[in-house]
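Going in written order, the chains are labelled A, B and C, and every chain counts its residues from 1.
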Amino acid sequence: MKFSEKIIVTLLKFAASITILTTIGIIMVLLFETIAFFKEVSFIEFITDKEWTPLFAQKHFGILPLVSGTLLTTTIAILVALPVGLTIAVYLNMYAPKGFRKTFKPLLEVLAAVPTVVYGFFALTVVTPFLQSIYPDLAGFNALSAGIVMGIMIIPFVSSLSEDALYAVPKRLKEASFGMGSTRFQTSFKVMVPAASSGIVVSIILAISRAIGETMIVAIAAGQQPRFSFDPTVPIETITAYIVQVSMGDVPHGSLEYRTIFAAGITLFVFTFLLNSISFWIKKKYQEKYD
Amino acid sequence: MTNAQKNRLIDKGFQVFGIVCTFFGLVILAILIYNILEEGLTRIDWDFMKDLPSRRPQKAGIYTAVMGTVWILVMTTLIAFPLGVGAGIYLEEYGKKTKLASLLEINIANLAGVPSIIYGLLGLEIFVRIFKLGGSLLAGSLTLSLLILPIIIVATRESLKAVPSSIKDASMALGASKWQTIWNQTLPASIGGVLTGVILAISRAIGETAPLIVVGALAYVPFAPSSPMDEFTVMPIQIFNWVSRPQHGFAVNAAAAIIVLLLITFIMNGIAVYFRNKWQKKVKW
Amino acid sequence: MTTKKPIDALVETLQEPKKKKTIIEARNVDVFYGAFQALNNINLEVEENSVTAFIGPSGCGKSTFLRCFNRMNDYIDEFSIKGEILIDNKKIYWKNVAVEELRKEVGMVFQKPNPFPKSIFDNVAYGLKIQGIKDKTFIEERVVKSLKDVALWDEVKDEMKKSAIALSGGQQQRLCIARTLAVEPKIILMDEPTSALDPISTGKIEELMFELKQDYTIVIVTHNMQQAGRISDKTAFFYMGDLIEFGETKQIFTTPQKERTQNYITGRFG
């Protein structure tokens, strides 16, 4: 290899290794600040205390309210995105004319391209007032409205990736099922969806992971009141919204309040890391099976 | 009703439900856009584009935010484009089948799933504190670059993979070195896909709010930035700031700013789709 | 096209009937893909300015062997080779050999036409450009000459800027040959070059090979027995990684020494 080419390859390798440095950086930063955090706050309190009030005089450091807020909005989002997204995937793959699929799949993906701050505005100024007209007791900030809008945002994650998975199912399976007199509906849910199940599961996990980490919609529309509750009609606070809340204020570096955002961050990171690892593992296993 | 009739009915019923679901998202999107246009369109004028922020909604403009977004867009592209494409080339063409490569692959898949706000925490500690860049454009761009690197890398790899090996073989057989082959054949043949990925990634970056809030981009910046070390704000943060205020006038401002932001986002996505289609049409092996 | 010095040519004519020079020599070549042995102890010599055909059933190792001559196997995982291959008396698997230099000497034409998605001109000029040659008139002359050599010039001379992808399959393959000729290799390896083409295009390329033999050494892998019989001077029959028989084509096709060869040639298997 020529010398100049060796330099190029070294540069390319450096670029690739940035990604490793990023991961190491994330883990180091989170661990470093979290360890400092746990020097002042007991780990037991962190995972059992049902109150999270680090910014008040009476300080409590229980992560449960933030976790419950996060799980609540995520659950609502998935309840919207899963049935709608999966139905779209099956419809586009099994029912819709080819041209329809070609037009609407990318069109739906526009939903994921809209900046999340826009969805936050939409949830706060349109969806919440609309829901209040049906259910007047709904608070101005609530998990329901934020969760629904988040669900709409992640529809394309489920629909596009699931449709890809259905598309990859060998044609002969579909033909075999039709050949035995099955309807499209039966073929879809008895043959196609089971055959594509690993891909569909991966798409759902990714959607969940995305919902857990979503920040601006909940920061704008769900409130800033950490509350260990699964009531969707009242203000709550998610892990991400808390980090934003602290970042908007003027918290001095090195203070305990500063460290709380890293402790919250590492909790978030662990959740998404587990989900991503599961989906990666399923994907790998699935590839080995069909390649 | 016979069993067959019942089945056919279910089948038809699901078809209707499928159409309803497909249009559900799009109708919501239409409502969203209509609502924002109705609220904000009349607010957009030349003054709004060139005015500095203000405490009075009627006087406030988005000039500093737009300039901040433009700076972020340019700087993030300059950082992330070479790094992402370079890493993609390395992984697809050089590092294959090595232990490092499989480690990198798992790693990138994981990074792509890390919430953007975590990147904000990374940027806050590394770029803002340790590198002492403060809440500057440079710190923000570096953070966003790391955030979109996985997207660019994956897109680059996918496009390189789509180039048939026969082309590479032909180039090698003529005495081209590996890099000459990549530079003269593989990259030009896959540039459409690479650019599509880069544009989509950048468009994602300029819509990001949370990581920039965490690294300390400010809600109120009195002047447009003039160097990479300046403090800054961007459009999504400006919108977030206005949304959080009680006065209705700011909600109108937010809607108007959203129109501008959406316009930029959709134009970039449109360009990306254009590149993708052009590329798909051109390349028929 | 030939690089022979006049004095050499003179000496050669004086030494008539000449004994042709050996240009490729394989000594005890074993090839492995991981644990699988694809070639067993192959010994073979190829003479200059001849056409040598490799025949045998699919998976017999003939393509693998062909690709050893320009080290195109280097990119296959777990590929390993033992023994020696000499081209012009130089060991090509010597660790100091620059494969890029080797491939300028040993060109290759592939099974399916694989023009670059570039203009016709750029396709033929590519090999020269990557060598760093910048002289435009030189490149142009060489492109035109190469296209004339493959009898494609008259068909494409008015549309040199057109994408090579738009050519017909047969034209594409002749373009790929022209692309190889432009670098002026000594040896041209052809890996089933006509298997994707119609009979008329195949005929044109066979004709071409006959002419190219004057200036180049050609080694061709083919599945087509008649083709091997029509165009080659020598034929090597491979089976299950072994070189079963190697000799004058006429002899192989009329009086094969081994029963396996006989069976294959008469179509009893394969």
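In this section, a residue touches a chain if its C-beta (ideal position, glycine included) is under 8 Å from a C-beta of that chain, and two chains touch if they have at least 3 such contacts.
Just so you know, these numbers come straight off a predicted model, no measurement behind them.
Between A-B and B-C, more C-beta contact pairs are found at A-B.
Seen from the Cα centre of chain C, the chain whose own Cα centre is farthest off is A. Chain A and chain C have centres, each the mean of its CA atoms, that are 56 Å apart.
Note on chain placement: the centre of chain A and the centre of chain B lie 17 Å apart, centres being C-alpha means.
Mean C-alpha positions place chain B and chain C at a centre distance of 49 Å. Counting only residues that touch two or more partner chains, chain B has 177.
Of all residues in chain A, those touching chain B in their complex are 1-2, 5, 8-9, 11-20, 22-23, 25-26, 29-30, 32-33, 83-84, 87-88, 90-92, 95-96, 104, 106-108, 110-111, 113-122, 124-126, 152, 155-156, 183-186, 188, 206, 209-210, 212-216, 219-220, 240, 243-244, 247-248, 253, 261-262, 265, 268-269, 272-273, 275-277, 279-280. Every residue of chain B that touches chain A in the complex is listed here, in rising order: 7-8, 10-11, 14-15, 17-19, 21-22, 24-26, 28-29, 31-32, 35-36, 39, 82-84, 86-87, 89-91, 94-95, 103-104, 106-122, 124-126, 129, 146, 149-150, 153, 177-179, 200, 203-204, 206-210, 213-214, 216, 219, 236, 239-240, 243-244, 251, 254-255, 258, 261-262, 265-266, 269, 273. Within the complex formed with chain C, the chain B residues making contact are 97, 164, 166-167, 169-177, 180, 184-185, 188-189, 282-285. On chain C, the positions that touch chain B within their shared complex are 70, 72, 75, 77, 100-104, 107-108, 110, 112, 114-118, 126-127, 129-131, 165, 176, 179-180, 183.
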